[in-house]
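One chain, chain A, links the two complexes that follow: it is found with chain B in the first and with chain C in the second.
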Partner chain A sequence: MKNVNARKEYDVIVIGGGATGAGTARDCAMRGLSTILIERLDFTAGASGRNHGLLHSGARYAHTDPESAAECIRENIILKRVARHCVEETRGLFVTLPEDGLDYQNAFVDDCRRAGIDAELLEPAEAIRLEPAVNPDIIGAVKVPDGSIDPFRLVTANVLAAQLNGADVLTYHEVTGFVKDGTRICGVELKSRRNGERSTVYGKVVINACGIWGHHVAELAGVKIAMYPAKGSLLIFGHRVNHMVLNRCRKPGDADILVPGDTISVIGTTSTRIPFDEIDRMEVTTGEVDLLLREGVKLSPMLAWTRVLRAYAGVRPLVASDHDPSGRSISRGIVCLDHETRDGLSGFITITGGKLMTYRLMAQDATDMACRKLGVDRPCRTAEVPLPGSEPDARDEERKAHIIELSTEMKAAEGRHGSWTGKIAAGNDADDALVCECEQVSVAECNYAIEELHVNNLINLRRRTRLGMGTCQGELCACRGAGILERHHKCTKRALDDLASFMAERWHGMYPVCWGETLVEAQFTSWLYQGVCGLEKEPPRHEEEMNS
Partner chain B sequence: MMTLQQQNISDNNFESCIKCTICTVYCPVTAVNPDYPGPKQAGPDGERYRLKKPVFYDEALKYCLNCKRCEVACPNNVKIGDIIQSARIKYAKGKPSLRDTMLANTDFMGNMATRMAPLVNFTLGLRPVKYLLDRTMKIDDRRTFPRYASQRFESWFGRHAAASQDSYPHTVSYFHGCYVNYNYPQLGKDLVKVLNALGVGVHLLDGEKCCGVAKIANRCVDEATRDAHTNMKAIREATARGDETVATSSTCCFTLRDEYPHVLRVDNHDVRDHIMLATRLIYRLIDEGKAKVAFRPDYRKRVAYHVPCHMEKLGWTIYSTSLLKMIPGLEFIPLDSHCCGIAGTYGFKKEYYDYSQAIGEPLFRQIRESGCDFVACDCETCKWQIEMSTGVPVENPVSVLAAALDIAKTRELNGVAAIPAVE
Partner chain C sequence: MKYDTIIIGGGLSGLVSGICCQKSGRKTAIISAGQSALHFWSGSFELLCRKGDREVIDRPLSLVDSLSGQHPYRKLGAERTAALLSRVAPLLAEAGINVAGSLERNHYRLTPLGFLKPAWLTLDDYFMLSDPEELKGKRYAIVNILSYLDFYPRFQAYGLGEHGARTVTADVNIPELDILRKSTTEMRATNISRFLTDAAVDRLAKAVNDASKGTDAVIMPAVLGMFSDGPVRRLRSQVERPVYFVATTPASVPGVRCQLALRDYFIRLGGTFMPGDTVVKGERERHRLRRVFTTNFGDMPLEADSFVISTGSFFGHGLVATLESIHEPALGLDLYAPEGREKWYDKDFYAAQPYMGYGVTTDAGFRPAIKGETIENLYATGALLAGFNALKEGSGAGITLATALHAADKITSAL
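Presenting the complex of A and B:
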């Protein structure tokens, strides 16, 4: 993507293509600010794409952090409305195991109700009836309005919304420096990760929404934020084991949440502080895999005999309170910093901390601050206006009635693109042909993603469609996907390099859990790609991130 | 620590699929019907989606023949056919239609039909009746119905054979199945004749019910399960008195051994090894020198052998073909392993008839071109399909043996000449 926006001055430059950045770009654009969203790699390439995908009810924080809990339940209700195609209202259970004791549960229900969370105490037998996958030894259970949320869809929808409201979007552009006019930030210097081209974008306000990478971006602007990267590892199981979110009813700990997401289930997380030089190359260790399995089996014993598909790790941006630079007092709440008042650097805002659940609120805080700086007084409407794909649709009822008659891939696509599914061509053999068989992604869905959803490579395509996320991890679909991309960008060498990096990225996530069926499948995949097709063993490690 | 990882081996059979897609290549339906998603997608891939939400059940799974060729092809032992049948049973909408229920209840229909067999056979052969069945019940009017017998095999056996069977040095129990009982008792008579000549007496199972394969295919699962329990009880009694249980139908045999535990969840592990195809028992008797055979010197036939799909799945083709090859005057022509397309009741249904015939076409062509006197085959529905589609007669290998053996001499060789032979 060539940067053609060099001469223009934006009201707002948002850096960071995760949920917070995309949400902020959407909010700014909806308030009539001319906005550009800049991302170093691809949307959701950072922490937004590497979490549980849990739509918190807030119950998890009800005891330890009532304020966050209340925030969560408010956002939970909002997202179920405005992002309904990204959300699945699975409901959740907080279960008490014999080893945990019932003390926590007794206080828990009251804490939840105080925070406004509809928590319902269940008999263990009733909980087991509702969720047969739960450990049958539970001695207590509380039902809460937890759900699952697909962060890839959520961010894509926010980007689409920003664009519909006039925002520009640049992916694969890294901020290398800031343009300053005295103590005022007035632009960012960019370097394309595709071709190395340098450019400058001018704007009145720059919002740093880069998660943990915001630490570095702030440094480039000459200000210091004390952030600490905390790695959280998770395991993906091959199919949907549970249909309700399962939580341990105890103080938040390791591996105590099992979330059903799309076709799979995810157990997590661990929590380990890591040095900054590891945030772009995180590995899931054997110890973490063991811990996740050992604790996961306590929530749902059948995890012990379910195939583990892959492991991945995300990094939480923990922000030290400004009053305690030692880093001991860490906030998990939203941190919105006005660097003008804090550091005397005007035109620069950092929005960080928080969590996926509160991305919209974070965006609202940052946009409110930007509006104040720009002297704009327009209300935030992101809690009322549905995201693209979640609009109420007159065809809704009709679609529900006919979903049985849709092909499996169209049913799957409905889940991914919501009311925008109509943009995907269907009805002829060429369009309907499957690219990804595990996740039911058709040729037409790939074409739609490539044309409309900022897809440069197979990894981007995976995030927009779930291509390669199924049990075969790209074995069958990667080469087909590469073929389709090649038709669009017409460069065979690029397609081959892309294919090699994609397969390497898939392998990176399979490696920590490579035993049993996953090992057999990985072996078969390597025969196919290296043995039969002669794909290079060492992929050219150019642009794309290697984090699983 | 590592033991956790070593023990985490998937117990979900569908997760063993490595997506090689060999099953889809071997699927007879995929080749002729683009609406069928193929065994990989219908089976392990679809299972993940159905586990996510039942709405992902694809009604196109009804096109599955349940031939199990996908399972034979699978290098990783995924029970693809079982996954598909179980999904149809669990998720398919609506109750089985009247037609499907009638086709499924081969025992009930057979029981009624044999009471007035000449009338039923005459009526079912009439064009207007076939037209009516086609239009009202969607049973294809191009299909030739199997004829019903006037006397059930069980009645014949009770009257003519039962008394002498315990005089033989060994005995087996015979699972005759609906076809032998109601349509073609001659095959049962041939089995008694051959086994007796080899020194083996034949018992019938106490209260045998239909094996249930048609009921499973037509989703009449409660009845199938009930019958399965009755059959297992009878087979356990037979095993307890020292009898092996033999069948002349490869499909009945396969159902008793594999569909019961895999699809109906009826446990049979204690007696499964004692359920076998008659040709396997006969071959082993001869091979181990426990029985001797003498063939008629004047027997001259050119015979093409067709492997039924469920025979392929059992892996026992070698017993039937080896027996045929023992016959000195028999010229053996192996046919390519290819589904005939009828799949029990499937080929009777109007909506599948054309697929059924298209699947079988390469086989029919090969049979027509082989110049054989008849086709040998261990499955009755393959027999209907091949006879109807090629005009070439089909015989069970047991009947071939009955015709080729010098029965009197064989009885003498096995020391049972003194026992009065059944006629």
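Presenting the complex of A and C:
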């Protein structure tokens, strides 16, 4: 990676390439702090890339946790402005099924309004008119400003923003230890996941923004945070069933949210405590799949005959209150720990808890704390300045004036890169050719991602462009993508190994839902890659993790 | 409607059975849903290429006796299998498909990703080797068509280089293909093949000559000749060096050509081919299947004295998996396929997947059963059968062809 000077002392080292870490790096860099963002694998490789992609209105928490609800709706409004190219304003419905009863709904609307959420009570018939996919048996419905958000785009945009403001970025570098000067942290020791090389980066403040993995990172620094991993499993359906987010209007439970995103819908989640040794190899069980389908069908009966494309699981970092060593009192709110006052270890901050929705606020809290430590007094501007890709686009007005209709592949690219789509240099017809037809990803978009967005392998390319995420799950585009990566990296062996790993990774999310057309697709993919093409086994080591 | 024989499934297996039945004078109909595994063909047929982790080269049929008792080759026996398979190349030649290879010894094919893999029969204009040693010191030009994304010269160059060959790679273009590039999804094999005719082939040959100077032979993507091998012959006659083709990722142009050639041969012989139709149920009288009903013909039955079912595996929709169980949708045949979907798969993509071995169970004569009762005038063939992992063994085409010919023999000898 470019521009990394190991002997330089940064103001801030941010560990963790999820939404919180990327957001923190952006905030720090925008406040003029010299910043480096360090990620063990790839951006969004952890919980940030494994959730519903729900732009919460906060209504989900209005009854149980009014403070979180108010936080959510504030961030909801901010993200619609500063991250508009990552957001789709679908709106949402909280629907009451006969089995749930109307008691919850009666208090729900008032709870929402108290938290500042614009909740509108609808007649069931009106709700069905707005969202024909909803269960027609509903006895109540409330409309709320839910939406969907693409976490891959969001994190990429935050990384780009951090870099634009001077931050350095290192992916595939794992923190293996800390450099200490007495009771002060002054740097991190790193090991490259790609070639095993060790290095040290120095900084005045280190921010641990690693989600559940922050538990281990804190241990490396010699401090203890009582975190508990909670697995949440989700299913992706092969096409977009619903237009609006559908929620069960009841206390939060399993499989009570169906979120439309791009061309698909996602149902989730389950919630199960898991041991730490499972956080890097989570599996979706048959029981979880059955539960998600059973409950999902209650929200939208169509799901019963919709193809399930894939299953995946994310892990929530639950943080026990410092005053409760038993770990029973779990907070879902933002936890920002100053290890100087808490543990006597200066120069070290942990930001954890929270949700994707509140990543910006978490970043603000952590950056505020870092600024106080560094004696810097500059205001946070992340709520006002649009992310790269969400800037006002002069072409918008022109298009409105001239009613310019874009091709579907141009629309797809604009959806992913917003106002930065112009950076995709489509110089000729060959570069316009589609690599991934399901997700409409062109050669030029792949080239742009490889050159500008930290792409080392096919999994990275998938996260930046959605290549291989569509209905064929990489069946036809993975080879093409490998061919393009080979041209950039000029190492055929590496490209072949990468392709073999990528197909194994796609299968990891398919086998839990391997019946019907998904099994058909899996058999075809096996025939093609193993039979026709002759890929026979996964290479022994790959730089990317094996996770769904 | 009444036929002597009805064949359910119009892939390689069904077509070969149909041709043989029709040749013996039986009035035969093939009901085809439309998909064929030939559409993503490698250009090679495999007989038996692997035993466990070991690649098999010499005398693959000598391994038949070591296979499990339910394996189709084992049911046929090595001798019968050899006798059946020795009829394949001549039969394909009758249909206009020329292949090379022998039952005694597998050869090697070159995959789109540059691996050398064993094979039994390969289209005679494809790249093939008896021994990787032949590559030492050879110079190849691997020539792709500019911006065609489903062919991988650099992977092939790497693979051939591992065996001591020297390669150059080049992209060539002819103006006839520029129009395809104007659309973002048109540079695909079957589309390209439509433009590579007559003068376009001549121009392509010239470009290939320019790109392959100083080499011993040319390797190209198999994107010529969807409806006949005319363009292939035209190109080869004008390129100054031998030209060998390598499979592309789907769709396979030679695969479509072969499927059409077999279909046309069947029709020329007087057979009835019913495309785009699916059998939805059958009716029995005692232990014999009497008639089948299809989507298109509705309540009008199709009757026959004998039937063959060759509807393929999951990919061909010959087998259907629901959330709970696996069934054979056309006739409800008895299967080997355990309930409980956790048993169906291995978490390692590259391991032998249990589901690959599922399929219709039969007696020693390849006659399937319904609820334990053998259907006396019905034969099951090809990928629909249980008892083998075609992908891991490299045995799919051999089993398909042997069982298809065997079923036709049984039917025609019963006349």
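A few comments on the model shown:
Convention: the second predicted complex is superposed on the first by the 532 of 548 C-alpha atoms of A that agree within 3 Å, B and C clash if a C-alpha of one lies under 4 Å from a C-alpha of the other, contacts with A are read in each partner's own complex, and residues count from 1 in each chain.
By definition in this document, a residue touches a chain if its C-beta (ideal position, glycine included) is under 8 Å from a C-beta of that chain, and two chains touch if they have at least 3 such contacts.
Please read all numbers here as calculations on a predicted model, not as lab measurements.
Once the two complexes are overlaid on the shared chain, A:391 sits clear of chain B and of chain C alike. In the superposition on chain A, contact of A:480 is made with chain C only, not with chain B. Applying the stated contact rule after C-alpha superposition, one finds that A:262 touches chain B and leaves chain C untouched. Between chain B and chain C, the partner in contact with more residues of chain A is C. Once chain A of one complex is fitted onto chain A of the other, the partner contacts of A:305 are limited to chain B, with no touch recorded for chain C. Contacts of A:240 after superposition: chain B is touched, whereas chain C is not reached. Shared-chain residue A:412: touches chain B; no touch with chain C.
Of the two partner chains placed by the overlay, only chain B lies in contact with A:471; chain C stays clear of it.
Shared-chain residue A:524: touches chain B and chain C both.
By the document's definition of touching, neither partner reaches A:174: not chain B, not chain C. Within chain A, the residues touched by chain B in the first complex and by chain C in the second are 286, 290, 293, 407, 429, 434, 437, 476, 515-516, 520, 524.
Those residues of chain A whose C-beta lies close enough to touch chain B in the complex are 238-240, 262-263, 286-287, 289-290, 293-294, 304-308, 403-404, 407-408, 411-412, 429, 434, 437-438, 440, 470-472, 475-476, 513, 515-517, 520-521, 524. By the touch criterion given at the top, residues 37, 40-42, 111-115, 117, 146-147, 149-150, 152, 154-155, 157-158, 178, 181-182, 184-185, 187, 247, 249-250, 313-315, 317, 320-323, 341-342, 344-345, 347-350, 353, 355-356, 391, 394, 396 of chain C touch chain A in their complex. On the chain B side of its complex with chain A, the touching residues are 1-2, 4-12, 14-21, 34, 37, 40-41, 44-49, 51-52, 55-56, 58-59, 76, 93.
Looking at the complex, you find that chain A touches chain C at residues 283, 286, 290, 293, 407, 409, 429-430, 432-435, 437, 442-443, 476, 479-480, 482-483, 486-487, 492-493, 495-496, 499-500, 503-504, 506-508, 511, 514-516, 519-520, 523-524, 526-528, 530-538.
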